[in-house]
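Take this structure first; my questions come after.
Note that the chains are named A, B, C and D in the order they appear, and that numbering of residues resets to 1 at the start of each chain.
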């Protein structure tokens, strides 16, 4: 079963391993982020590594406190003051951490961000038109009329037909779903090369989510845009991303081609996460709950596997050493027993 | 929509003023003491004289009729006659209102220019400047106008003799010269409050998520500050400045007393002491009207600055 | 999965001392000044070395002497003794104003937030009308009607402050009312009064205390101003506002000490209340997690 | 045949011109479990609020345990009796507990409200309830701030159960929990239903949760019920267009999001 799927996977858009052919658009290596909390520094990311190829969509999945939002913020250099960052972030070969002033601003126009809460992330006293065209006019000197014309075109492609009227409205006059579409159109307006989407559909209804995801997916492919898609929903990430990375306690536990994630996961945590969700097509006698609760990065021990305390496959050795992220079957996994367990974890789907 | 908002606000203003005028009138109507006794200065009058006075001041009319007469007069600019000075209250108010208006205006300018200026500087530049502004305003916010008055008189008119300590002054420059110390005394604590609120609002706006959006889109810092931080902070700054300036209208009485200025407030206090009811009623009405008007202006400004205000709904 | 704002104005169950410690050195310093002022307000009259009302005109505006470290006022009375004796009325007046306006304001705010609808609308518009009267103006009116004195001034200021208190606390009460635990208790069948007394008000308490602290400073300034105008505490009773009014002529004559020390006392206490109130207010703000 | 434990007929709620709930009827039988499915604005939460008395219906009747509760309770006793009939667990674990109250005190307060027990009896029952929802003695003595979201939601469930209600309304009660915790709470809810004769009304937008927890489903859309039936049938062979669309929007392996070809226009869209 798993070998068959692996063969299929080679046709999918993105290469799976980190030593893939061609230069990565975004390369994050050994990223450590610590934030000041009540006077002391608290780790939120523990040596996080990931890469995204040009045009590739990478899903980043995890429970609360796993550090997925902080990853996006760290990449776009949006961490709160007092944060301490180590490791390297390279975008198109350039060192992001060393950027200052105009260079940093140019980088930010190449990387667009979509946030979970569009209401909080739009200025309430500025009109939609102003919000959409600001970056275009400021950074590229596009004249207002031209910028508005382009905004209206993009609004149309996200399914908003009456653009000219929308541009004159204020954010509070739009519903959440509509505002998120505006956000997406705005993000795409400056023709970025990488999209950082932080739970862009979590606050939306399921049908609206499907619609917004479809728009995002379609436009992204059209424009050849790479994307880091952050979500807590494993199924959603697997459906719209080429590869999916699963985070736990500030670490990447597994990176897998999305089509293999359910049938042939490499890490026990991924398998447990998939099994814990109730199913829409069957009533289970009992859900396979994971005991305990998710650990935050600062609670996880530095010298042991972070998942050890909740893992059904735990052995004594797991509590002694932090496993490395290693390549396996075209994916990456951070499990000491990965080779041993290979092919046995995807028990769930027929 | 905007027009409807304005009309609605004006109707509320009229309602508030009507109720206020009723409160002012009835409070003094209910005051203990016989008006005839006040009119006669305590002497006992012959019954004929009492009857004439009662008729002239409508003392025997029912309460509501008296209120109606007073209100009608007030609307025509007739606020009755001062018992102490035997003069038209309106004339007396007209001769004094200039001083109070000039004083409040002068103090307001100080508050807006210096208060908001200091607040912006502190809000935008963390560090030594910010710390010193915080420390200085913490103390000056607690200085009552009359304490400021004695210190200013002591330093600037007794010691260095730059400014006069008493009186109104002649001509434009004379007035400015004479009103400088009173205006500073009146403004000092409000100025500090406005500065602190301004600083806090600017800091607060910096932390908003939409500012993060602007930063994430590569907008230059200067523009982020101007178009997203300051523009949005203008809303709370306007509100607090307006409320603070409105409160000066009443506090001016204290400053006028401290500097022996010939203004409305000082006159009100004198009338209150001598129980000159018509004067107290008249000046109270003028002050309340001014206070409420300033508040309406603040409300309208707020609605103009913040598109989220539902213009059809109640203000505030 | 979603970063949430911890709503409400909760401090959890930190002890009073714990909250004070969290206000930092400025807050603790302010608390010390306030405690000292409170001590003097209670025992000042006993500590006064001389009769605060005994005037010896020969000593009018005479500077510090042995046994009279702050000298004499315009009527030859010992300034230190008047300062100590005046602490009582100077602190008691604002205390009364704060207690009355906070009590009435909290009652109106909580009841309006609980019942909402028409009752809330009536309360809110009633308060809007009261807003039209600045405290000092109301106090002058009260003095005209009832005669000058501390009681009239205290009542007038209480009435004038109530709408401010009620407006701030109504917002907080509405936020607390919207918490789901309140709905859960309603569904359980708990009575409105018990929910308000046992849950709503205790959870608003940090904000109420902060509000009261800041208000105390304002009340002190306003009451002293009214006394300064001659409409509050009546001479010869000692009061810091009265002392400034009585000795203002001394400032122009080059003898500012009696007026100045009274002014410094007021400023010191008001700064302490403002700073502590501001710190408590910051503590009472909704925390983000 | 027994009586329904909860019966809602022709329920209607308007806010000004807005029709939030229109002609909603359903029954819940003892030990049964009914799902109300729909999106935000469909009126499903308004229905829940009317049942527990937090909102007053504009028209229609609500009967629980054979007694009418369409209008507000007139006496303290009546209010408490209603509390022993229907209870509710809300969505947000962060605001559903008084931050100043320990778990113990929160549960004790409810026990005192409903049962004439002495201190010792209540203390024992608090521990029992804690055990039922999987909280240990240390967590029972803790303040909400030191509990995780899942633990807080267990407390909310225990508090609702303390009144020993016949019907428990679960208003998106597991929606904001992490996947691994959500599974624990769903298992807990299944266990509680096995052990008692309690009935559930599950209000949710999450079809998988509905499948796991209920036998009957009604689908609400724009304030009306557009489809009803046994849960497996509604989910596997949806009849109404809206239910079909809802079903098709759920991400699952092999799913690809599709665009409807309807563009948005009109004032507030959606």
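Throughout what follows, a contact is a pair of C-beta atoms (placed from the backbone, for glycine too) under 8 Å apart; a residue touches a chain by one contact, two chains touch by 3 or more.
Bear in mind that the values here come from a model prediction, so they are computed numbers and not experimental data.
Novice: Considering A-B alongside A-D, which chain pair is linked by more C-beta pairs in contact?
Specialist: Of A-D and A-B, it is A-D that has more C-beta pairs in contact.
Novice: Just to be sure I understand: the centre of a chain is the mean of its C-alpha atoms, right? Then which chain's centre is nearest the mean of all of them?
Specialist: Going by the distance between chain centres and the overall C-alpha centre, it is C.
Novice: Where the CA atoms of chain A average out and where those of chain D average out, how many Å apart are those spots?
Specialist: 32
Novice: How many angstrom lie between the centres of chain A and chain C, each centre taken as the mean Cα position?
Specialist: Using C-alpha averages as centres, the distance is 53 Å.
Novice: Centre to centre, by mean C-alpha position, how many angstrom separate chain A and chain B?
Specialist: Inter-chain centre distance comes to 56 Å.
Novice: Which whole number of Å gives the spacing of the CA centres of chain B and chain C?
Specialist: Computed value for the inter-centroid distance: 21 Å.
Novice: Touching at least two other chains at once: which residues of chain D meet that condition?
Specialist: Answer for chain D, listing residues that touch two or more other chains: 178.
Novice: Give the residues of chain C touching no fewer than two other chains, as numbers and ranges.
Specialist: Residues 1-2 of chain C touch two or more partner chains.
Novice: Could you check chain A for residues that touch two or more other chains and list them?
Specialist: Residues 63-64, 232 of chain A touch two or more partner chains.
Novice: Which of the residues in chain D come into contact with chain C in the complex?
Specialist: Interface residues on chain D, with respect to chain C: 52-54, 73, 76, 79-84, 86-88, 90-92, 94-101, 109-110, 113-114, 143, 145, 156, 159-160, 163, 176, 178.
Novice: Going by the contact rule set out above, which residues of chain B touch chain A in the complex?
Specialist: Touch list, chain B to chain A: 208-220, 223, 227-228, 231-232, 235, 305-308.
Novice: Would you mind writing out the residues of chain C in touch with chain B in their complex?
Specialist: That would be residues 128-129, 131-137, 140-141, 143-146, 148, 217, 221, 224-225, 228-231, 241, 244-245, 248, 251-252, 254, 256, 259-260, 263, 266-267, 270-271, 274-275 of chain C.
Novice: Under the touch definition given earlier, write down the residues of chain B that touch chain C in their complex.
Specialist: 12, 16-17, 19-20, 23-24, 27-28, 30-32, 138-139, 141-147, 150-151, 153-154, 157-158, 165-166, 189, 246-247, 249-251, 253-254, 257-258, 268-269, 271-273, 275, 277, 280, 284, 287-288, 291-292, 295, 316
Novice: Can you tell me which positions in chain A touch chain B when the two form their complex?
Specialist: 76, 78, 104-109, 112-113, 115, 117, 120-126, 134-135, 138-139, 170, 172, 190
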